[in-house]
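Two complexes follow with chain A in common, the first pairing it with chain B and the second with chain C.
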Partner chain A sequence: MNGLRSLWNKFFGNSSRAFGSMSVILLLSLAIAPAKDFFSEWRHAQKNYVKLIRTRADAVTLERHVEPGLQQIWHPELGVVDRCTTCHLGLKEASLSNVTQQPFAKHPPIPHSLTQFGCVICHRGQGTATTEREAHHSTDSWEEPLLPANYIEASCGQCHLSPLRGTPTLNEGRRLLASEGCARCHNIKLADGSVVVPTDDPPELNHIADKTTREWIFAWVKNPQAYAASSTMPNFGFSDDDARDISAFLVAQSTKGPYPARTVKAASSDPNTVQQGASLYGQSFCASCHATQNAAGNLVGGDFGPELTRVGSKLKPEWLESWIRDPATYDPETRMPHFRLDDKQVGLISNYLQSKTDSDLLANVHLEPATQKQAEHGRALVLEYGCASCHQINGVKKPENFAPDLSRIGSKPFAQLAFPAGVEHTLPNYLTSKISKPRAFGAGLKMPKFALTTPQVDALATALLSLTSRANALPASLRIATQHESHYQPAGKAGQLISDLRCFSCHAFNGRGGTMAPDLSWEGSSVQREWLVDFLKNPNTLRPALIRRMPKFNLTGAEINTLTDYILTVYQNPAFDRDEIAPSSLTPQLAEQGKQLYYSKYSCQSCHMIDAQKDKGYIGPVLSQAGLRLTPAWTYQWLRNPQALRPGTIEPNQHMDDADAKALTAYLMTLKLRAKQGGN
Partner chain B sequence: MKERAILLVLLLGMSACAKRAVDAPASGAAAVPSGAVLTEVSGGKQVTRIGALLDQPVVVQLNDAQGTAIPGAVLSLSGAQGVKFDPASGPTDATGQFTTLVSAPGTSGRFQLLASTTDGKVQLKVEQVALGYEQLLGRQLSNQYCVRCHDPESTPERVSNMDNLDPKPHAFTEGDTYNKFSDADLTAIIGHGGPALNKASSMPPFGFTLSPSEIQALTSYIRAISDPPYSDTTRVYASK
Partner chain C sequence: MANNIQHYIDELHQHRIWRSVFRSGSGDSNLHRAQAVQSNVFLHLFAVKSRRRMLEFSATWYLGALTFGTFLVLVITGILLMLYYHPSVPQAYADMKDLQFVVSSGVFLRNLHRWSAHAMVFLVFAHMFKVFYRGAYRPPREFNWVIGVVLLLITLLLSYTGYLLPWDQLAYWAVTVGSNIASAVPLLGQKIRFMMLGGNSVNANALLRFYVLHCMVLPLTAIFLMAIHFWRIRKDGGLYAPDKPAKEGTK
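Entry: the complex of A and B
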């Protein structure tokens, strides 16, 4: 006690001592702020950066670029106040490309200048923060930590609403949002106001009892992937009783479809008949759209239509025949064309498909006749799980706002999310777990489990993470808007034929249609009439290496004439006249010159075949019939600039001069090998 | 400040204990005899994008000096900052193999994984490639314009044209060939075609089809996947 008193007297004993002591205390307290600043994390980083660059050969240049002190990128119109460059000093230094030590690494090349948009727009985090913890991680007052590199393409998607070549993951995610049926339950609006439109094709169930059995419905509802691994239909985890009741309801609500009843012959298991059906299936190029599993368990064929590996265990023969005869009578919206097969051909293909059964699929399904109560319970389940969001069902309306709106999901605050145990609390983790294990979030939840691979789940999460509040707040001038498919519809009799044959499923015309086959918007400028007539009669592929080919539609002569006339007059390129090069101007001397150019200067034989003995090019179309198939004007224009006629085509622009292009055209027009008569 | 320091010391102590607990071989773990060898079974030299899961798991094999598999020995994997493993350590199975799923780090380029036994005496390096924006764009372009001739592998969707050409094009992974070209050479040959460097005219010019930045992306991709790796000898970065 005494010691304390003497200490007090020593420093505050009289007024001058007290003054002196107080001054020292004041001075010390004043020094706290500058000291804190001096020892701050970012100053430490800047000192380390200077140490690092002093070891480099170009130290002088690098040091000249260093601006000490807090740095800031400020774009008020974008809401950007980023101080990241205070510590990340080497971002723009090309010579630091071998430095991996953070925060000094060079920024990898991107199409934007690093200061144009700042850092946070792409990387997220807290731009104004000056410590690593606050800038990179979520804090009590900041819920947007850095975006993991896996999902970085999401940031591109805030402005780029149409597909971008450098962001394959984002593009794939957006494709999946539309093709996996996400947009059927969830409303997904992009920043430009456009809405994600589903591209999948769930069947209507109004007449399902015509098509399949209750036993198959039961097995399918229990586990769709057991029937077809590639199926888009998700697994709802229904119990046996639930599946029984849903199948009871779906059969009970089904009405008779609008097509004539025919009696069909019993399926023949005669291997010869099955083999004939298999070859007709092959010749009709059904595999261009439909896949089947081969002996090794791999899917072979297209994914445009449903997988047919076990189709014999599903479809009723009467329905199958009627479908193959003309699919549109059952489903007017179907993408499958009307093949115009005769009764015998329909029977052969139907018989072949019926042979594709899987005895295990329905082996353990034994259903008692359904009761009224079961059907009612089935209806309640159909309502509860929103089946009508995807399928048309008699007496059940498509539910509105069935699932949460996802238009701003990329900025969702964690506080509003419930995480299951064991999932780290970040938004990407929430999204990937929700998509891959939806029922882990609670047993009573409705969201079904989709059969998706990890890369697909990551792609979906990337697409969802691009739907941020920031994307909506950015100036509209920065947005690269969604590309909308046109509503082009060809007119008249030919238009009806084009619809009936479902040409749009594979070919695009004037901005509408598929990408599986060439764009035909300018086909009228490109081909010669006789060739087109022959091709429509018997579509031989021009590309020997292609497995997806155009099917044969068994058109009548009149139908072919209608189509040909329409294509040649309507689908013309406005930039040139299809008859602008007279065949007489293409002299034999010119052709001989063109042949030299073809085989030496331009090495066209690397990619194209003319002579099947000599040439081996597998890439471009076979040119042995070029003189019969193409117009001289199109050939010439194509040689001058292929991308101008078909954007994205693989043939490079050779910057060919007029004389070379003329000579090559002359040579190609001499190639007139006729297909063998009667050949396929 | 003081509390922080104390907390730090405490945390360090705790983590050291925890680490020891993890490192200690689980009861029943097989001892690793001297002369044991780790080899890569599969999953090396994969190419993925930054942050993404590698397509194939990495599988390593632990054998003793006689080449007999050692089951039940604990292996652990480590890698550059940001590389994730699932799982990062565990015992070898009955055939002496250990399988793990690997996610690439957030920075582009080559990255190494180190598999080792718990005592660190037996080690194996496995190399992978992570592609950043520019190289991903290059890969897209390569898939569209180049691989039909430059990839010997055929798929049902895409038949390789490589065998049809004489001289044969080189696969982009052939570092021994591509590393001899400077960036300027590669840019010239892509832009102006084979004849620009007295090479085959079957390599057409892409300079009128692709933009300079697209060609730059292609070269960046070719550099990223070349094996052996490309090192730019024309530029010297460090003096010491």
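Entry: the complex of A and C
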């Protein structure tokens, strides 16, 4: 006690001692601030980095690259002030590729220079910060927390608005945004002002009672995936009563379709007839677009049209026949072509499809006749759940702005999100749970559950995370815009035929159309007339590795002539004349020389087949008919530079000189193996 | 040694330059002391004589002096902060981040400024309560009380205008709310709000206006009024002392 007192007297005994002691205490406490600066986290990291590189073989080179002090990547026009490189010192050092200790690891290779855009534009986080906690983990207070690495492709999508080779997840997500019909309820505007256009094809329901039964509608509305696992129609989780009332309303609103009523023969279960229908189904290449489940439960066939595994339990025979005869009379917007089938063929295919039933599907569905009240309630449900966002329904208008706008969802601040219990509070978690379990966010919500796999959900989240405010704020010159689809429409009689056959569903012409089949914009320069006529009569595949093939439309001679004339005159490449190489200039000697080149210098046989017995090339088209199919001018130009004629084609550009290309052309023009006539 | 130092100090005091600055000369007589006070622009604000008892802690709790001390800290840190701050929309918040992460002792500067501001508001109130409950506002000190009230308002306005300058969400909404309160004034409300913000919403003009008010207009007015405040203490007869010592008091 006495000791304490004497100590007190020593330092605070009188006013001048107290003043002196207080001054020293003040000075010491003022020294805390510069000391904290000096012993900062980033200086510690830099010391550790130097320690690390000193142990390595190329220490001298590495040390020469180190600049002590705060580092910063500064791009005022991009709003980038990134000090990440203060601690992440080894990002550019190729020789540190085996270092896993953070923050010193090397950055994986990317197509951009690391300093071109800084770090935060892709990784988010707080770039100005110089402590790890503030830079990486400031999730509650910072609007853009660090983006988890598995969604990093979202950042590419801020500038690259069209598909990119290195971003498969993002591309898939964007495809799903369009094909799953997300854009039918949500408005999704990209940074260049273009809007995501849905590519799914939900049927109109104006005449649904012609097409199917109320029992089927009930089962479908309750669980679409029970009918077809691949269906894009989502599950709304309707109760039995709700499904009953919706089916009552849909049948009540349905009007008679605009096609002639015909009497239909009762379905025949004779295995022979069914077998005939099945082979006609195969010959018409229906499976190019429609899938069916095989015995093993796997889907076989295309996903362009609806799955047909249980179609016999769904469609009414009268409707099915009119549809196969000419789909456009029922749905003018359909993507299905008009196959020119005669009554017998229509009957066979219809009969085959009717045999594809599933007795379990409707086994437990027993509906009493609908009452007025049920139909009214059904209509209220249809309005509430926005069914008309996708489907045309008599007397129900397509709702506008039905669901929240998603154009800036990738920058949505935390404060504006409501998370269900058990979901970690991050934006990617919010998006994936919202897509996979929408009703977990509240019982009254309308968003249905889509049949999506986990990778698909992640892909969608990636695409949504690319829709940021930054994407809109970046200079427009950085943006690689979406390719706008043209509204090209061919003219005249041929144009009508092209529409009727729905060529645009699979082929593209002048920037409009599908990607399933080759682009035909320059078909007129590339093929010979006789071959095209034969092909349209009886399409045979050029690529043996592909399952999808062009269907047989059963065109008449006059129709084929119209189409051929139009294709050969209109779809010409302006860069060269299709007749510029006279067949007489391709001498047999030249052809012999070309054959040598084909098998030795260029080894074309590794991808292409000429002799089906001998060659093994399955990647490119078969060339045994090249001399009948292709024009010499096209062949020559193609060999010189394939990408000039078809950008993105996988045919390698061999930078062939003029003489080699000429010789190869001469050889290819001698390949004139006639296909067997009559067979399919 | 001690004599030597004393000799040098005396010589310095007699030097021509020293005498040109401090004309009164040195000396221990009351006259010399009074002359020293009166010929100094700062010291002349204060009374020539004070009662020893009024310098005790218990007399004033030093509340006025402490308030002035925090004001000085605020001026010094404020000037240092001004060296790193641009009152512009794109730059203001980025400058906060620079102060936080790259300026040496930047966080310390900001925190010192902020806590001193809080302390000043607290001390001003404490000072006023002390004056009020001791009855020190009564004549002849009623005018100095009025100046004190104006200084209170200026202190509060300094706090309010400084709040916008970091240009973060907190600042933005605080000032939005504050200016909306001003617009509730009958008839003139909208005009007052427009004048405060230099527009109809909190934006670049508001930031500039608040910056000018915070760094120029309000501090200068405060300094001017403080000078009068201190000078009036002297003119009103020094610090207020009750006629009779407090009953239980020992002094």
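The working rule: the second predicted complex is superposed on the first by the 658 of 680 C-alpha atoms of A that agree within 3 Å, B and C clash if a C-alpha of one lies under 4 Å from a C-alpha of the other, contacts with A are read in each partner's own complex, and residues count from 1 in each chain.
To be clear about the criterion, a contact is a pair of C-beta atoms (placed from the backbone, for glycine too) under 8 Å apart; a residue touches a chain by one contact, two chains touch by 3 or more.
Values in this document were obtained by computation on a predicted structure and should not be read as measured data.
The superposition on chain A brings chain B alongside chain C with room for both. In the superposition on chain A, contact of A:Pro111 is made with chain B only, not with chain C. In the superposed pair of complexes, A:Glu134 makes contact with chain C only, with no contact to chain B.
Shared-chain residue A:His655: touches chain B; no touch with chain C. Contact with chain B, but none with chain C, is seen for A:Gly617 once the two complexes are overlaid on the shared chain.
Of the two partner chains, chain C is the only one touched by A:Val81; chain B is not. Put simply, more of the residues of chain A are touched by B, taking chain B and chain C as the two choices. After superposition on chain A, the vertex angle at the CA centre of chain A, spanning the CA centres of chain B and chain C, is 80 degrees to the nearest 10. Per the superposed model, the minimal spacing between any CA atom of chain B and any CA atom of chain C is 16 Å.
Against chain B, in their complex, chain A makes its touches with residues 55-57, 59, 95-98, 100, 102, 105, 108-111, 148-152, 165-169, 300, 454-455, 458, 545, 547, 600-603, 606-607, 616-619, 643, 648, 650, 652-655. Interface residues of chain B, counted against chain A in their complex, comprise 49-53, 55, 80-82, 103-109, 132-134, 136-137, 140-141, 144-145, 148-149, 156-161, 163-165, 200-202, 204-209, 213, 216-217, 220, 235-240. The part of chain C that touches chain A in the complex is made up of residues 94, 97-98, 100-102, 104-105, 107-108. The part of chain A that touches chain C in the complex is made up of residues 32-34, 36-37, 70, 81, 83, 126, 128-131, 134.
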